[in-house]
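One structure, pasted below without further comment.
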Amino acid sequence: MMHSLIQLSIAVLLLPLLSFVVLIFFNRRLPRMGDFIGLGLVGTAFGCALTIFWQVVVQHYDPAFRLAWDFTWLDFGNVPGVGPLQVKMGIVIDNLTAIMLAMVTLISTLVHLYSTGYMHGDPKYGRFFAYLGIFTFSMIGIVLSDNLFSIYMFWELVGLSSYLLIGFYFYKDSAADAQKKAFLTNRVGDIGMWLGILILYSQYHTFGYQEIYEHIKNGDFHMSQAWLTAAGVLLFMGCVGKSAQFPLHVWLPDAMEGPTPVSALIHAATMVAAGVYFVARIFVLLTPEAQQVIAFVGAFTAFMSATIAITQHDIKRVLAYSTVSQLGYMVLGMGVGSYSAALFHLLTHAFFKACLFLGSGAIIHAMHHEQDMRWMGGLYKKMPWTFVTFSIATLALAGLPLTSGFLSKDAILAGALGFAQVEGGGIYYLVPALGFAAAVMTAFYMGRQVWLVFFGESRTHLKPAEDHGHDAHAAHASHGHDDHGHEDHGHHEVHEVPWNMRFPLVLLATLSVFIVFSPDPLDGGKGWFMHLVQTPATVVASTEAAHEGANLSVPEAGKLLAEAHTDTQHVETAPAAHAEAASTEGEGHGPVYADPRQAEIAHMTHANHWNAIKLSSLMLLAGIGMAFIVYVFRIIDPDKTAQNIRPLYLYSFNKWYWDEIYDATIIKGSMLISKILAWFDANIVDGIVNGVATIFRKFAFFNGGVDKYVVDGMVNFTAFTVQTTGAVLRKIQTGKVQTYLVMVVVAVLGYFAFYIAQLIK
Amino acid sequence: MLSFIVFLPIIAGLVILAVPASQKQIIRIVSLVAALAQGVLAVLIWRHYDPTMAGIVAAPGGSPVGSFQLIERIPWITLDLGSFGPLRIEYFLGVDGISITMVLLTALISIIGVLSSWPIQKQVKGYFILYNLLSTAMMGCFVALDFFLFYVFWELMLLPMYFLIGIWGGPNREYAAIKFFLYTLFGSVFMLLVMIGLYFSVIDPLTGSHTFSLVAMADQANYIKGTILGPGSEQWRYIAFAVLFVGFAIKVPMFPFHTWLPDAHVEAPTPISVILAGVLLKLGTYGMMRINFPLFPEVFQAGMYVIGVFGAINIIYGAFCALAQQDLKKMVAYSSISHMGYVLLGLAAANSEGMLGALYQMFNHGTITAMLFLLVGVIYDRAHSRQIDKFGGLASYMPVYTGVVIVAWFASLGLPGLSGFISEALVFVGSFREPITRPIAMVSVLGIVFGAAYLLWSLQRMFLGKRKPDALYELEVDGHGHEHIHFHDWKGKLDLDARELTMLVPLGIIVIALGIYPMPVMGLLTTSINKLVQVLAPVAMSAVH
Amino acid sequence: MLTEQLLSIGLNHFLTISAILFGLGMFAVMTRKNAIVILMGVELILNAANINFLTFSKYNGGMDGVMFSLFVIVLAAAEAAVALAIVINIFKTFKTVDVSRVDTMKE
Amino acid sequence: MFEMPSGAEIQSIISILKGGAGYFVPEIYLSALFMVLIILDLVTGRKNGRFLAIVTIAGLVGSLFYIFKQQAMPDSEFFFGMYALDRFGIFFKYFFVASGILAVLTTWIDTPLKKQESGMGEYYALLVAMVVGMMMMASSTDLLMMFLAMELVSLSAYAMTGYLKREIRSSEAALKYLVYGAVSSGMLLYGFSLIYGMTGQTNISKIAMLLTMHGYNPLVMILAVLLIVAGFGYKMGAVPFHFWSPDVYEGAPTPVTAYLSVGSKAAGFAMLMRFFYIAVPHGMMGEISFLQIDWLWILMIVSAASMIYGNVVAIWQKNVKRLLAYSSIAHAGYLLLGIITMDQLGTQATLVYLAAYLLMNYGAFYVVIVIANHTGSENLEDYRGLGKRMPLAGAALTVFLISLVGLPPTFGFIGKLMIFSALLSKGSLFMWLALIGILTSVISLYYYMLIPLNMYLRESESQEEGVIETGMGAKIITAALMIATLYFGLFFQPVVNYAKYSSVLFGALLN
């Protein structure tokens, strides 16, 4: 008998799918194109999720809570060399799952609700909700899966749904490009992930996390440690794709082609979160080397995208790059080993980023699909609700104390500092450094955005009438799908959005306040989240042990590990004590790590807590101050500055030219290769392989021009011989009987002579 | 029972022979009935089939009974070869896990084929006679357990195919047809030599005479020492394996023997493309699994790596070529090459996951590619062109068609939840598990991306975006601002009509269902595949058990 | 003197002569244009063979060779008859007996 | 110098002849038929073609009865060892009578011959004479007998080739055939004379005995063998002695072409086998060296050359008859493969192949005649679109061609199967020949398929559609041949086993 929670979770999983199936087939036949079905089903799913949340988080309130269920999906029978072999599919519920479920379904529900307003009147209104359904379904699948295989499946399904949603306005070429780009970029990441999975499977003949981790713990990994690192990094590649980390971040900003609610869903709850969530799932098998890679990737992404965000005009693009940057934080957090902090940020970010996107959606909606911040301004009186909620979310994103964002971001940065110290400083300080730099810029560009959008005078009239700038396609969108579209830009009453779009904003804004997560506005560690989601003990051999142990036989490695363990006990007493102290004040649930490195990082993280707070607040002030200086007091004129540092400006404005680079290298490259190969195929292979090609050439005797496929100019020995032999031998038959006789005599004498030669030898 | 399923179409063909050529409808219906009956039989066979019996090789004691099922074994010809003693050729049918899948597939595809042949108007009588002949030959190949019988069916396929492409094909059909014919014959004549060599080398313990029985041949104990392919003449066994492999590889088709395929597909009429891609290509890999590998296991062991490499080449190379194609059908043809590469790769892995993946991929590729070609046919019927760049924006005007296309396309690029994914995944799992093929697998994974690339790109160019200026359909806006399109001389329904849906929907359902829960088909295979793996890797087995 | 010389004539002389005849026959057949001459060449060949037969039967006894040559002579006559008929027909149709001009069918 | 034989000796000779005659019935019977035909031709009037044809068929069918009776008789040599009665010979007797009958049937429908104003009397007489000659070629065991039989065949063949006197191509063919044939037989004769010189014997088994006992001068031997091969090669139409055949096949009346391409070719093979298997010494298999059985090497080269040349050149042909002529050269090559293996399996294979060849080649020619009667042409282009207009003929021709290629399920495939089995049974010894064989057969597919290609894949320019009525008899015969080709392709057991039974003689002798 299944546990009731499992049944609930299955319900949560299947309800959105149901909504998809119903809507995709029947949306035209249903009243209101069946949006209520989508909303209702997903809402119900949210209800179930909430129940799970309640039972798991509130009632049990136990870090170690875990509930699993699975069934045999594939049965390979008695496989030679392995024995009975099955592929199991299943569900695992622990605190993280419960929280994620609640978060995903909540945001999804809100987005549904919001869309009823935003997408109103779109011809494909019903299909939109269907897509939202499958999107939610796949995300929930990822959250619930208990094995790599099913995660991979849902992973790809997320790719599909993003493909469908991003390309929702597929009649726009830009949208069609964006959807293709998103899918392919993700595929690239998936390759890595898939290879990682294959490495693990090839060792243990199973996909389940728990089994694999058990095996690794027992040290029966029969390839070198390097392979394990590789596995970690490769799996992380999946995250790189989905969470839009460098170098695969390029798809996310383009994904803005989708309708704004979709952006909210993608950026907050579903797609990008999946990457980080997955890293969390595989966290325990990441070797230190792998973690360092991750940390650096995260840090760099955070920094780079922040720089880009500064100069963008499109309100959604700014948010998009901020998302990338925030994801960078999370990944960084995973990399530096502050697992729970990263997930914490994932959660908090989900709420305020959703709020931001929906808010921007509201603005765009109100502005009649004007997305360019340069033509906005002075909206705070017209749209008070939006203004308030948007600002709260902004502050949370910037990481102002008293907001949820502060708690999580601060925790990550603390982790970064700790990591840097443990790894022995030097280059490793780059990680926190980049992190803090990003923090400054975040504050700055968010300040800039809020100011440009809400304050000052309305600049709609400034917009050149025939402006079709880099984001004008949004305007085209309205042609397609917006019946109260824009006869003329902007000279039109801007008013607050209806309640079904306002309500989500309010709710999300309230969820961005610190109290929701932690009683202490300065320390997330005291919150329920950090308590429930604790960094799991890694299963890979610790660094020192690993480095020698890598090329040793398994038992010896195990022994070394043991030694390493023991000596940490007496050498590392001091930090251990610290850790105790720190954890006692953190309600005494600090886990004790088998791995010295991990323990040390945890300890240093705690040690750096306050430094982080100080630094980040400093950065925050710096950023916001800068924003004020530039936009409010106008001490510095942004445009002039842009002129002064034009190269930098352009570099940032053009997103570091990544798209151009990829286009020039990878895309052009593969197209070229394909062209070459195709030519090769049509000309060379066909010719060489097809030895009797020139028979077809003769064939052209009987019907003209067949042999245009039998390509000229190729050197084709077989064909050549056949051709010539044919031609020559044919001539022998002269039609004169006497020449025939000559031939015969020649033949006879020829052989005779040949024979005599043999004889003489 | 097997005899029925094999010869039903021929009977139908004879009936058609009696029908006057003017009665087109009757002719079509007769063939349809035959195909449906075949389908029913196939389902019955499926029901009777006991998945716990392995097959592949004879049961202990040399008798196929107890290992193969639905056996029909009648002495056919007994020759006195003088000093070489008697030679027995048998009418010997039977199924095991490998064949039953293919039987199901063949039955399914031939029904689809008949349906999609409905619009054909030219020489309907001749067409359906040849069609039925073809479908008998295909079915026969899959159930024959006597090499001679197999060879007869194998060659019997060529002629109908030649005419079906050559008479009902496209503008360049003569070339494509003869090319197909020559290529395949080139492969099979070598097979003839090997076949002869084999019967000289094998004696059936049951009858004590030389035999063509594949079951006897699959047992290395039956080979006579000192004969040309018996133990002791390794080099000839290697050569025999090689030529046999080439013979089958041409059918697969494996790089560099694949060049007949694009031509054949482009010229062939839609139903024939469906048959060709759906069933005929599978014959190549089926032949490998049934004949090539079990008869020469040690050679196979030696050759695994090479086969894998060729598989990888097929995958990548096919994908790249597909990326460059302008003709949609040609693109699909190359995608077939790419996908059959997965099969080769899986076979090369020679472990259960890989082989399962390979066989399952054969089945799925059959259904998926059938869909692809049907869909290509749909657009070709309407626009009389398959130029990818000559459309654009179709999604807005043919939503149902686009929907089905999306399902098929994504199935083909291996999207989870659709059957193609599982087989490809298994192939990778298997090939990655074997240290030998691991590097190959790592390279081939690129195929996933490029596969997605060419499919999505074509999808975008044809269906998304706006109507291309030089598109092959006219766009007009009526009073209410609604847009309508029409193809210049297409009278029928713009979107998919009932007949097309009846062909496509079942396939789609199968693709999705098997993608979600593959066991219905997978369950038939596992025992046989595990047995096959055992047969192929005697050394490893002894190590384990 | 003449008699000795005659007596000293041996097997090889005959064989040589027949060989020469054979060669001449072949030569005629291969080079002469006129059909009749070619037929004569054929006769030469046959008779070369005849000489062989007779010589051999003379030198290692047995009548087989003689019989053989008799049959060949008869047969040559028959062949000549058929041949002439055909040549005449050729002359009717081609208005020539030049074999090298009779080559409508080739390659 | 030779003294007359005494009365007693003469008595004994006569009694021997009488005794021998008992074994000679079919030949005698057919010779009688030959004369009957001539007389009938004289007594009956001009338009007696049909009547004579019926008589001929009746007579030939009748002869089958006597041949059948011979099967009961023990193997024996008679007429002073000039002639043998054995299973091998009997097989060929059946074969030649069958081909004779088919020849008559093909003649029956052939329009040009029907139009021939100078009646058909001699034609059928010659046809029967040829049957007799071929029978004797197959069974004679003495150089003299062989030569006479061969000449008998040749002379009648010359006449038949030139039978259409008004036809330019016909008479040209006759001339070429004549000259070429005469010279070849001259060479053959010269070779015989050399053999005779070395042994003093004309009976092939005695020759073999003497050669093996006393050895021989290899130089003379090879020369003799070469000349003889030239003679036989001309009959078999094998490269490089084939030159006559394309022109003659194209020029001769089509029935005659068919008859020559099957009958006299087979006779050539029969004689070749008998002569080389028995007369010429050969060592055991495996140790082929240049000094030993050289003729085997000669044959290998000849066969390889025939397969390649015939198939490659056939690609170019535009005239169907000529195309079939070249293909028949190629088939001579395949047939030789069976002989080269020098064992009973090889012989068996050759016989099976010949049987298949009889059916499919006659079938092909028959359909060609049927078509030519209605289109008046044998050019490939004129076959366009015929598939629709003569469904049966088209289908049948396709079957025959497929059979000639050697694809299942046709008789031709069985022939190939047996031949290659014979080759491979020698292990890897003849692998290279086998490879040439299969590769050339792939090439052959190409040009054979040109005919169906034109018949089905192309539309004729001339717009007249409508099915062409070919007449009941023609339909029946076509269908019968087609069905036979297919039937024996699937149930070939009797043929193969009978071939085994007939080749047992050499089985004993070779293994």
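A, B, C and D are the chain letters, set down in written order, and residue numbers restart from 1 in every chain.
Note that in this section a residue touches a chain if its C-beta (ideal position, glycine included) is under 8 Å from a C-beta of that chain, and two chains touch if they have at least 3 such contacts.
Bear in mind that the values here come from a model prediction, so they are computed numbers and not experimental data.
Novice: Name the most central chain, where centre means the mean of Cα atoms.
Specialist: Going by the distance between chain centres and the overall C-alpha centre, it is B.
Novice: CA centre of chain A versus CA centre of chain C: separation in Å?
Specialist: Centre-to-centre distance between chain A and chain C: 98 Å.
Novice: What whole-Å value do you get for the distance between chain C and chain D if each is reduced to the mean of its CA atoms?
Specialist: Measuring from centre to centre gives 27 Å for this pair.
Novice: Quick check: how many Å separate the C-alpha centres of chain B and chain C?
Specialist: 67
Novice: Using the average of all C-alpha atoms in each chain as its centre, how far is it in Å between chain A and chain B?
Specialist: 37
Novice: Can you pull out the residues of chain B that are in contact with at least two other chains?
Specialist: Touching at least two other chains: 174, 178, 182.
Novice: For chain C, jot down the residues that touch at least 2 other chains.
Specialist: Touching at least two other chains: 26, 29, 38, 99, 102-107.
Novice: Residues of chain D that contact two or more other chains, please.
Specialist: As it turns out, chain D has residues touching two or more other chains at 175-176, 179, 183, 187, 246-247, 316, 442, 446, 453.
Novice: Of all possible chain pairs, which ones touch?
Specialist: A-B, A-C, A-D, B-D, C-D
Novice: Applying the document's contact rule, which stretches of chain A touch chain D when the two form their complex?
Specialist: 692, 695, 698-699, 701-703, 722, 725-726, 729-730, 732-733, 735, 737-738, 740-741, 743-744, 747-748, 751-752, 755-756, 758-759
Novice: Can you name the residues of chain D that touch chain B in the complex?
Specialist: Counting only chain D, the residues touching chain B are 343-345, 348, 388, 398, 402, 405, 407-409, 413, 416-417, 420-421, 424-425, 427-428, 434, 438-439, 441-442, 445-446, 449, 452-453, 456-457, 490-493, 496-497, 500, 504, 507, 511.
Novice: Considering only the defined contacts, which chain B positions touch chain A in the complex?
Specialist: Against chain A, the touching part of chain B is residues 172, 174-175, 178-179, 182-183, 255-259, 263, 317, 320-325, 351-353, 356, 393, 395-396, 410, 415-417, 421, 425, 428-429, 432-433, 438, 441-442, 445-446, 448-450, 452-453, 456-457, 460, 463-466, 517-519, 522-523, 526-527, 530, 533-534, 537, 540-541, 543-544.
Novice: Would you tell me which residues of chain A are touching chain C in their complex?
Specialist: It comes out as residues 730-731, 733-738, 741-742, 745.
Novice: In the complex, go through chain C and note every residue touching chain D.
Specialist: 15, 18, 22, 25-26, 29, 35, 38-39, 41-42, 45-46, 48-49, 52-53, 55-57, 60-65, 67-68, 71-72, 75, 78-79, 82-83, 85-87, 89-90, 92-94, 99, 102-107
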